[in-house]
Amino acid sequence: MMKLSIPLDVPRGAARRRYEENYRLMTKETGRLFLMAGDQKVEHLNDDFVGAAVAADDSSPEHLFKIAQSAPVGCFAGQMGLIARYGMDYRDIPYLIKLNSKTHLVKKDQKDPVSLQWQETSQVEQFVRHAGVRVVALGYTLYPGSEYEPAMLSEASRLIFEAHQMGLVFVLWVYPRGRSVGNENDAHLIAGGAGVGACLGADFIKINPPVDPSGQMDGMLLREAVAAAGRSQVVCAGGAETTVPSFLKRLYDQIHLGGTSGCATGRNVHQRSFEEAIRFCRAIHAIAVLDQSVEEALALYNKGS
Amino acid sequence: MMKLSIPLDVPRGAARRRYEENYRLMTKETGRLFLMAGDQKVEHLNDDFVGAAVAADDSSPEHLFKIAQSAPVGCFAGQMGLIARYGMDYRDIPYLIKLNSKTHLVKKDQKDPVSLQWQETSQVEQFVRHAGVRVVALGYTLYPGSEYEPAMLSEASRLIFEAHQMGLVFVLWVYPRGRSVGNENDAHLIAGGAGVGACLGADFIKINPPVDPSGQMDGMLLREAVAAAGRSQVVCAGGAETTVPSFLKRLYDQIHLGGTSGCATGRNVHQRSFEEAIRFCRAIHAIAVLDQSVEEALALYNKGS
Amino acid sequence: MMKLSIPLDVPRGAARRRYEENYRLMTKETGRLFLMAGDQKVEHLNDDFVGAAVAADDSSPEHLFKIAQSAPVGCFAGQMGLIARYGMDYRDIPYLIKLNSKTHLVKKDQKDPVSLQWQETSQVEQFVRHAGVRVVALGYTLYPGSEYEPAMLSEASRLIFEAHQMGLVFVLWVYPRGRSVGNENDAHLIAGGAGVGACLGADFIKINPPVDPSGQMDGMLLREAVAAAGRSQVVCAGGAETTVPSFLKRLYDQIHLGGTSGCATGRNVHQRSFEEAIRFCRAIHAIAVLDQSVEEALALYNKGS
Amino acid sequence: MMKLSIPLDVPRGAARRRYEENYRLMTKETGRLFLMAGDQKVEHLNDDFVGAAVAADDSSPEHLFKIAQSAPVGCFAGQMGLIARYGMDYRDIPYLIKLNSKTHLVKKDQKDPVSLQWQETSQVEQFVRHAGVRVVALGYTLYPGSEYEPAMLSEASRLIFEAHQMGLVFVLWVYPRGRSVGNENDAHLIAGGAGVGACLGADFIKINPPVDPSGQMDGMLLREAVAAAGRSQVVCAGGAETTVPSFLKRLYDQIHLGGTSGCATGRNVHQRSFEEAIRFCRAIHAIAVLDQSVEEALALYNKGS
Amino acid sequence: MMKLSIPLDVPRGAARRRYEENYRLMTKETGRLFLMAGDQKVEHLNDDFVGAAVAADDSSPEHLFKIAQSAPVGCFAGQMGLIARYGMDYRDIPYLIKLNSKTHLVKKDQKDPVSLQWQETSQVEQFVRHAGVRVVALGYTLYPGSEYEPAMLSEASRLIFEAHQMGLVFVLWVYPRGRSVGNENDAHLIAGGAGVGACLGADFIKINPPVDPSGQMDGMLLREAVAAAGRSQVVCAGGAETTVPSFLKRLYDQIHLGGTSGCATGRNVHQRSFEEAIRFCRAIHAIAVLDQSVEEALALYNKGS
């Protein structure tokens, strides 16, 4: 039932074959994506990795790789430098190289958000070809509404084109943000961001789940974004921490009410101990990729705990 | 009766032949252009695509391609990423790749408008050559009067030159805008913008229709711009939503009083259902390209409704 | 009597021969230059081309080419895009490609003036070699005193070097302007600007005619600038509109009292009807290039009117 | 007992062998680094090199080279221009080329800190290959929290990749700084910076030693940063001037309580006379590299004084 | 007695021989430099070249070349464009191409000083190789303490490296300046700037002579800077206009008390008539290069007057 639409900027021949292989691998032949986000050591500095509610395992970045290796994630997103340090011991992970990242120190009241490409494209290509790990995708964060939007739109366009030239899938994080942006979680605004991702030609667009005016999440609110994204597929970020059943229910609704194609989760996974994280990932995988019910997923989470 | 003036920066030989073919195709051998604008998913986010007055079809970007495929449009303007996603199923459309786009989130009170080139020129060239769709033209939006005017003037100049090297026609959107600009719809100012387009060497210049001091549109007001544009041809944007007869009358006047060479329409077309959009496009085509009367056009619009 | 000093950055061989031919052609073997400026459609938008005092002919850019083709001008300065549109029908004109231009919308109270290179140097070279028109010179406007002076100094330096590599003559427009500049028409300041042009290695430096503290023009005031320019030759812009005899007298004084090497005129020429513009150009040519008297020049202007 | 983890962006073959040799040389086969920092002539202008408490020897930059040649330092960090002047007489020193530096004149109240790459990467490569000195590492300073963070993140990423391509080790100075940063010495913030260094793929991360809320240093406070850095190794800057026993005790604690992999010291070394500096370096080396006790180190310092 | 230290970024072979020849030529085999500065037509516009106290000869830039040709100067510093205009008639002058220059119109209260590279490095190389004049050195002005310091540090680093690749000597003008800088003439600050020049690898560093807190110059004040510059040699700018004996005495002290390696003089030389300028240059040469006494120098100045 997987719907594979290979965009026209993927050249015929080897690149097309690689693109299809990568897409099939990261969606486990289902067209659905469970992306494990591991770029927060820059985006949030060390805030997500220590604290009362955080498992001690999470203090070292190796925790991320251990989970990604053992859990049924479609791909693990991290910066190239970190992958270069751990990849030799975690060769089975399908990697997404996150190409831009910024810290959260400068707030938008001080300066609009701007996050720029780290490595040069030719360096990324060299790494993909020669590092000996399986890179299936590239990723980039875009902040529509920032005063620095034009620079990020150009970088995103160029990187998506190059990713496709190399036969890699592209995931675009799209977060409307900046002094010009009122409610970042507004469904109509988020749908607008998804449409931008479609015009850029992203394969997957990662958005924050919209909320209604009273602040409640509702899977139905995603429909506008999913429609606006057209043939680009939408995945939702995990949202704020909550109980496991609530998390799984929300994910189920995003997919079945909202029409999203999976999920992208970071903190919710890696802040748990290795053992619990694996169980939690299995539950997410059940809903996001295997199209199972919340109950089936919860059973997987509870099994062996 | 078509007047074809091939600019000197189109190299003799294959590029010249391609340029002439492209020009003939997009003007249907008449020298008149009906451009269907489909770049609003970035320019206006999702605002144009949902709402009480908008047909439900318009929520998905595929609606744009369906119309462009079936209606007699000279070319369909969209971002390369979107064309890469749908073009394989809509190969008959003559495409214009819109090379820059920005969202409308940052208002000019916050920062002057700036919209920069997305893909690199070599990437565009590769897409034009190898993607397997018929690209006939490139497009770019210029904001004279913005503090960022110099960067956009340079990008536009370079892209026009490269388009001509490839045998592609170039359409320049020219909208005076920024803190330095008083009345954006002033006929003299708009004529100034058209003259800038002429100096840049654009083939077609898309301008907003000027209004008189009382706010009324009048085809005669376009004459100054059409004269200032010299051998570059002027097409008008659709203007605000109105009734079909008013729209067609205004278009007729733009061409017959103002001397423009066609029209460029987006929202007015795609916010209608597929079926109505096709009828509306036929009516526009009748006036803009076939030089028919308003009555003939209205008859086409009403036929089969 | 022509003094031809070929700068050392013109390579020996073909480039040197071309430089000498171009210099001789544009100065009609006299070392004196009558430059017809036709870049105002960007610099002043449409302000110079319509109005009660402006001939109706001037509403279309073709008027510029008609004059330049028939009048004894040394070269016609315009943007490359415009030349690409009309050059095929006006092949006898010696062209100067004006490489930067900006509109006058952003005033210096809002932001210091900045005007940047339009086409890439390699594009200019390709046009010069292959377009089939006679390009004899390149031109660039510099605003000393602007906060953006460093970018313009770099662009001007690089372009002058490249022009000389191609055997082209270079004309530098030098207008001190910006928040740091008090009286733009001060003779000492203008001389400073001319000295900057000399250090950049321009062949001709176009300056505004200085005025004395009471606001009066006086040819003697130019002497400081002409001395400061050294072996770079100075030509004056036309100055404000006035009567024909006054204009010619002023030009005579600029050359004979001030020591300038010709003139650069735009509006004063093209705002007249074709027929009058030709007569006026003959009069200017008589003084600026043929070294005739004001009376002789006036006779040419009046002949056939 | 040395743990050598060669990152995946070091190409197999010659580069890998060079990387391993360089790493072994600069850590003296222990995996521990004693870096002598000699980049302060730019960073602090002449403030560190003259004064009542500074040995007269330190007024000339040659003092730095004399110490680095005779003392057991793992590498000496300096700017390429300075190394080019003295390296021919000090060929035994393992050099680290510090690729960016800025003066301390512009304070963060005026403008956020920004320090950019000096030489082009190809120039660095040429120097490394042909200058005839032993370059083992490259270095760069990053200021997370600065408004200019994106430019520095990109430069650091690209340089680390290129260093590894050449088989060089990379040391990243990471100092959170800027208007967005409250307490620069906060342990959690510093750990965040170390995590950024890990994501960039640095081999060694040089941080300032954190202090507790009362302003006291404590080796235990480093643990969070050492964990966050993962397989990138952490070394501490020397901290404020103090007595020799205190300095050595602090260093011992940093390593044994905090888990750091050595130290990076500048002023504390070169502000002493040549003879004392050598004795002090031996003491540092004893603790930082040879894993000896504070008492053993002090004995080395006192020996021969 | 000449101390020639060839930096390691000068490649062995032809470049090394050229570097040594150039160094020997510009220091007349003594290691001492008398640089005649001729870049003020940009730096000070026409202010230095006209006025009651300025010889009439100085109104034309040719005056500079006449002096440099006939006087015993080590090298003459000017912009490439000016050298390209006069060099064919003054082939005996050893030229230094000044690579950046800015006007003095924008004051530091409006914007911090920034002066950027004019010609591209490849253009400079082409000129050096093919123009047919003897270029011995390149030069660049750096403003430590400016907000634009990072851009200038990068340009200076890259240019010094390239100069050395070509076998050219490099002179760095170092003037701490900007809103962050208090007393530009402070000895400690100037020494800091000299240290920056050393880290950049300049061969000669041109600084302004420091003054003591009461505003008096004192050769001893230079010692800190000369020490900080290490193997880079320091030369002093001329300072404010004064009597000839005072000037020569000050120069003598700079060298014999301060330890500088010559001098760099502009206005003090070219504002005199040709005949007097030559006599004055001979006097400067006597002290700065030939190591003669003030009395011997004065005798040369007075001889033939």
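A, B, C, D and E are the chain letters, set down in written order, and residue numbers restart from 1 in every chain.
By definition in this document, a residue touches a chain if its C-beta (ideal position, glycine included) is under 8 Å from a C-beta of that chain, and two chains touch if they have at least 3 such contacts.
Keep in mind that this is a model prediction, so the values were computed, not measured.
Counting hops only between chains that touch, chain C reaches chain E in a minimum of 1.
Among the remaining chains, those touching chain B as well as chain E are C.
Homomeric contact chain A/chain B: same residue numbering on both sides for under half of the interface positions.
Overlaying chain A onto chain E using CA atoms gives a rotation of 145 degrees, to the nearest 5. The mean-CA centres of chain D and chain E are about 35 angstrom from one another, to the nearest whole unit. Each chain gets one centre point, the mean of its Cα atoms, and the points for chain A and chain C are 57 Å apart.
Contact with two or more other chains is made by no residue of chain B.
Chain contacts in this assembly form a single closed ring in which each chain touches exactly two others. Around the ring, the chains sit in the order C, E, D, A, B, counting from chain C and moving first to chain E.
Those residues of chain A that touch chain B in the complex are listed here as 5, 7-9, 11-12, 144-147, 149-151, 153-154, 157-158, 160-162, 164, 176, 178-181, 188-189, 191-196, 198-202, 224, 227-228, 230-232. By the touch criterion stated above, chain B contacts chain A in their complex at residues 39, 41-42, 45-47, 49-50, 59-62, 78-88, 101-103, 105-107, 110-111, 114-120, 123, 127, 130-133.
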